[in-house]
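Chains here go by letter, A, B, C and D, matching the order in which they are written, and residues are numbered from 1 within each.
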Amino acid sequence: MAIKRDFPVFSERPGLVYLDSAASSQKPSVVLEALDDFYRRHYANVHRGIYQLSEEATRAYEGARAQVAAFFGAGAADLVFTRNATEAINLVGRTWGDLLEPGDQILVTVMEHHSNLIPWQQLAGRKGASIVWADIDDQGRLDLEGIARLLEAGGVRLVAVTQMSNVLGTVNPISWIAEQAHRAGALLLVDGAQSAAHLPLNLASLGADFFAFSGHKLGGPSGIGGLIARPGLLEEMPPFLGGGEMIREVWLDRATFADPPQRFEAGTPAIAEAVALARAVTYLDTLGIAELWKAERQLTERLLDGLDALGLPCFGPRGEDRAGVASFNLPGIHAHDLASFLDLRGIAVRAGHHCAQPLMRRLGQAATARASLFAYSDAADVDALLSALAEAKAFFA
Amino acid sequence: MSLLENLYREIVLDHYRHPRHYGPLEGAERFPGQNPSCGDHLVLYLDRQGDGPLRLAFEAEGCAISQASASLMADLLTGTSADRAAELARAFIATLHGGSVPEELGDLAAFSTLAQLPARIPCALLPWTTLLSALSPDRPAADPAAP
Amino acid sequence: MAIKRDFPVFSERPGLVYLDSAASSQKPSVVLEALDDFYRRHYANVHRGIYQLSEEATRAYEGARAQVAAFFGAGAADLVFTRNATEAINLVGRTWGDLLEPGDQILVTVMEHHSNLIPWQQLAGRKGASIVWADIDDQGRLDLEGIARLLEAGGVRLVAVTQMSNVLGTVNPISWIAEQAHRAGALLLVDGAQSAAHLPLNLASLGADFFAFSGHKLGGPSGIGGLIARPGLLEEMPPFLGGGEMIREVWLDRATFADPPQRFEAGTPAIAEAVALARAVTYLDTLGIAELWKAERQLTERLLDGLDALGLPCFGPRGEDRAGVASFNLPGIHAHDLASFLDLRGIAVRAGHHCAQPLMRRLGQAATARASLFAYSDAADVDALLSALAEAKAFFA
Amino acid sequence: MSLLENLYREIVLDHYRHPRHYGPLEGAERFPGQNPSCGDHLVLYLDRQGDGPLRLAFEAEGCAISQASASLMADLLTGTSADRAAELARAFIATLHGGSVPEELGDLAAFSTLAQLPARIPCALLPWTTLLSALSPDRPAADPAAP
């Protein structure tokens, strides 16, 4: 309840039970104030002007880079701002990926979000590489032996895996995968779109070579995300988009390029968004990510126990490797109809394929309903959902 | 209970569970329709019998609203002329977008309460837009119907 | 003065003389309020949820697309939202550009911003195409005969030209160029980064095949811009980035793609930014773009006359094809030193190469100082600059 | 007139217009430096005379602050040892970032007023960072100086 008060939407829309945070989170007032204040008092383009306002904007933007990087246990020079996690993953595909050769393999898993799958299909198409994939077990955990086997076979250059499934809630053992990948000579890209907002993270020790995240899922504004690379790795990569900011010297027919991270940020960046994102991560830091995760774990158990009691089959594992995401179905009725029933009671859940069609096919589901939690979620939200589901069961019976 | 829940209880769930005109239709052309944003799939079987009265059937995978809409549509339009079917389709589509509700739509008139759930309007529309493009002169090549 | 009151920065920072609007514009309070209101009351992810909040967010986002497209005289289906003009240009280079063949030519001009040059160098490098370029005359106008000659030679597939130079202020005759390009079988991409905020535009009649713009230069937020294509053209183009939102059906090893514009918007878009950008263009519409352009023309004359009177050589043409951008130098002192002198008096101008190094080389300048205008600029701003320049002349004499 | 304008009037403009130690230096190594954000270029000529006293000169294209900084640097460091030069460079850099201002920097001490114009600090730094990397053991390969 205390945390909910920090998020204006809950007073603006009393009665809202928002359980779609895995799609995007609501914003705390400190983030909205940071946005507003920046535009009112310090806005100018960055890296360009030598007047005071531009200097302030540049300091705010580069300061935000340092704060956001530090939140993940990384250095500012290793963080490239992007629009979202999707663009961060594509950036790797179109820069580091240019170095792939025909026959090279990219290892993905059946639980990947389309954003961590299509860029690799596109890369494979451009380079004559191929996609190999790891399955899940009946609990929705990754088939680690399968991963080990694929890596041992020797052709894998990149492992691209999510740290947290947006459908199953599974938290994957990234450090273990990193070790296997590196032993096999492959790099590891971690899709942190979900985990960034939930898990205490220290990229310096996680073992990922690339880490992609979105600001809008962790209380930050839309329009910004980032790619964090292992120190030194960005240096070796060719540029991505071309334009202002990313150059050193330009002639009509050729150019030389700036050092990272600027090399990968063409054109005017999402300046105010970076500043507001930095405010979002300092807000989360104040709440304490480790405490939030503990609270989420408890609330997740309450949710899963409640679904069990209602007899609603729910996908994904039980245990410490399970985040606050619950995908389920009410037998005999389509997830969309269920979601509408809940919506009429002010309960926002998602219904559909959750941008994970291969996983839905693997689960044998055309669609599921999904409830997901963030820092502001509380027992009242979960209980409202559970009692509405009990009603729905009766209604659709 | 809201009007919309009434719609579900009195019409939608019945047609969802016991769809009329469900399954392939011999001698008919086959028109697939899809709602990419939610994944609903539908196949409309349409037999124009030359210029005679229409015969319709469908198969679908999707939510109750789109299936009930398809079932009611097939019920209403079977035996009408192509022109009349197109006219009724336009009337139904207008209803969903806040137009007046003509009596001739029968139970389908109740779908106007979807104004409360605008995100579901595409579900109700899918069978009808599939039909309109099947009836249009520059319609896409239909697959031959499975026997 | 009346317009200045709409922009909070001028009351927050009294005495600010902001003359760097060509780099980025300040924001009117209606835009900041639209941002804030959207996050407080209507925020959710788009195209995904079937609950009310998501429906509102989707309607706001797609409504913004329609409003912004209409502002430019285009239809919603032909507008792809991007981060900025730079990304819009790169998008064309990496989608439509994939269809180029070795030996094809891309025609640019010596006055292009790096953002309308580097993407073509990259494309030429990938495809074995080549860059040909048109010069300017002594007034800073395009060498139109040169363009015609290059087009007649027959190898040009794309003409990429700015509608308004960010250094010279030149407004180029786009309709004429479009006609020549089309007659030669080439497409025309217009870099509208500068013109979008200043000229009354009707893309339906302009003749451009592609038009790129940035929101942050026209009173909108950072982090959003767009690409507008001639109707039908996006249909023919392969996808750009891969991920959520841009797909139709996905398997582990292949996928089919959504229709435009979604096909080109991978991942969660800049939702709130689109909404705020729509508010910025309706604000400009209320002021009246045609009236703003008339006022800018007058103010530009005042500025150029004043610089003439001070004996400061200023680049670019005089006449109706000249926008409110003035690049100049004080002989005997570097532009950076001049800009610092002005900054100490609260006057913000830019100094440097303005992301147009080939043009600077062509002008024989290592750097220039640049003053540039937007809707809120007034005679007091221009006069403050001119009197400070008179002081600077004495100081650096 | 602000302190900063004083800096310009009393020191910077003089060295900008009449730079000391300007031009190639015979027998010296050549170290290019660049400030990509503003386009300032500089070439530092450094002759270490084995381990003897340094000889310095420079050529530059850029603003008055960077050129004056280079001119004053060459003046101050000519004849010092490499170690002493590095020490003074570190002292100057610290001054620009708000450190105390040691007397031994002479006229360069006045550059501390650049705190008012932080965007210009890189201009003042360029000659000094070029020097420090020239003096560092893992310095980049220098071009041979033009005779």
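One rule holds for everything that comes next: contacts are C-beta pairs under 8 Å (C-beta built on N, C-alpha and C of every residue); 3 or more make two chains touch, one makes a residue touch a chain.
Just so it is clear, the structure is predicted and the values come from calculations on it, not from any experiment.
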Label of the chain whose CA centroid is most distant from the centroid of subunit D: B
Pair from A-D, B-C or C-D with over half of its contact pairs in common with A-B: C-D
Chain centre separation in whole Å, for subunit C relative to subunit B (CA means): 46
Intercentroid distance (Cα basis), subunit D paired with subunit B, Å: 79
Centroid spacing, where centroids are CA-atom means, of subunit C and subunit D in whole angstrom: 38
Touching two or more other chains - residues of subunit D: 38, 117, 119-120
Interface hub residues of subunit A, defined as touching at least two other chains: 49-52, 54, 336, 340, 343, 351-352
Subunit B - residues contacting subunit A, complex: 2, 4-5, 8-9, 12-13, 16-17, 38-39, 61-65, 116-117, 119-120, 123
Residues of subunit C defined as touching subunit A within the complex: 8-9, 12-13, 16, 18, 20, 23-24, 26-27, 32, 35-36, 39-41, 43-45, 48-54, 83-87, 89-90, 93, 108, 110, 113-119, 121-122, 131, 133, 214, 216, 221-224, 239, 241-247, 249-255, 266-273, 336, 339-340, 342-343, 347-352, 355, 357-358, 361
Of all residues in subunit A, those that touch subunit B in their complex: 332-337, 340-341, 343-344, 351-353, 366-367, 395-396
Of all residues in subunit D, those that touch subunit A in their complex: 34, 36-38, 117-120
Interface residues, subunit C side, partner subunit B - complex: 47, 49-52, 54-55, 58-59, 248, 258
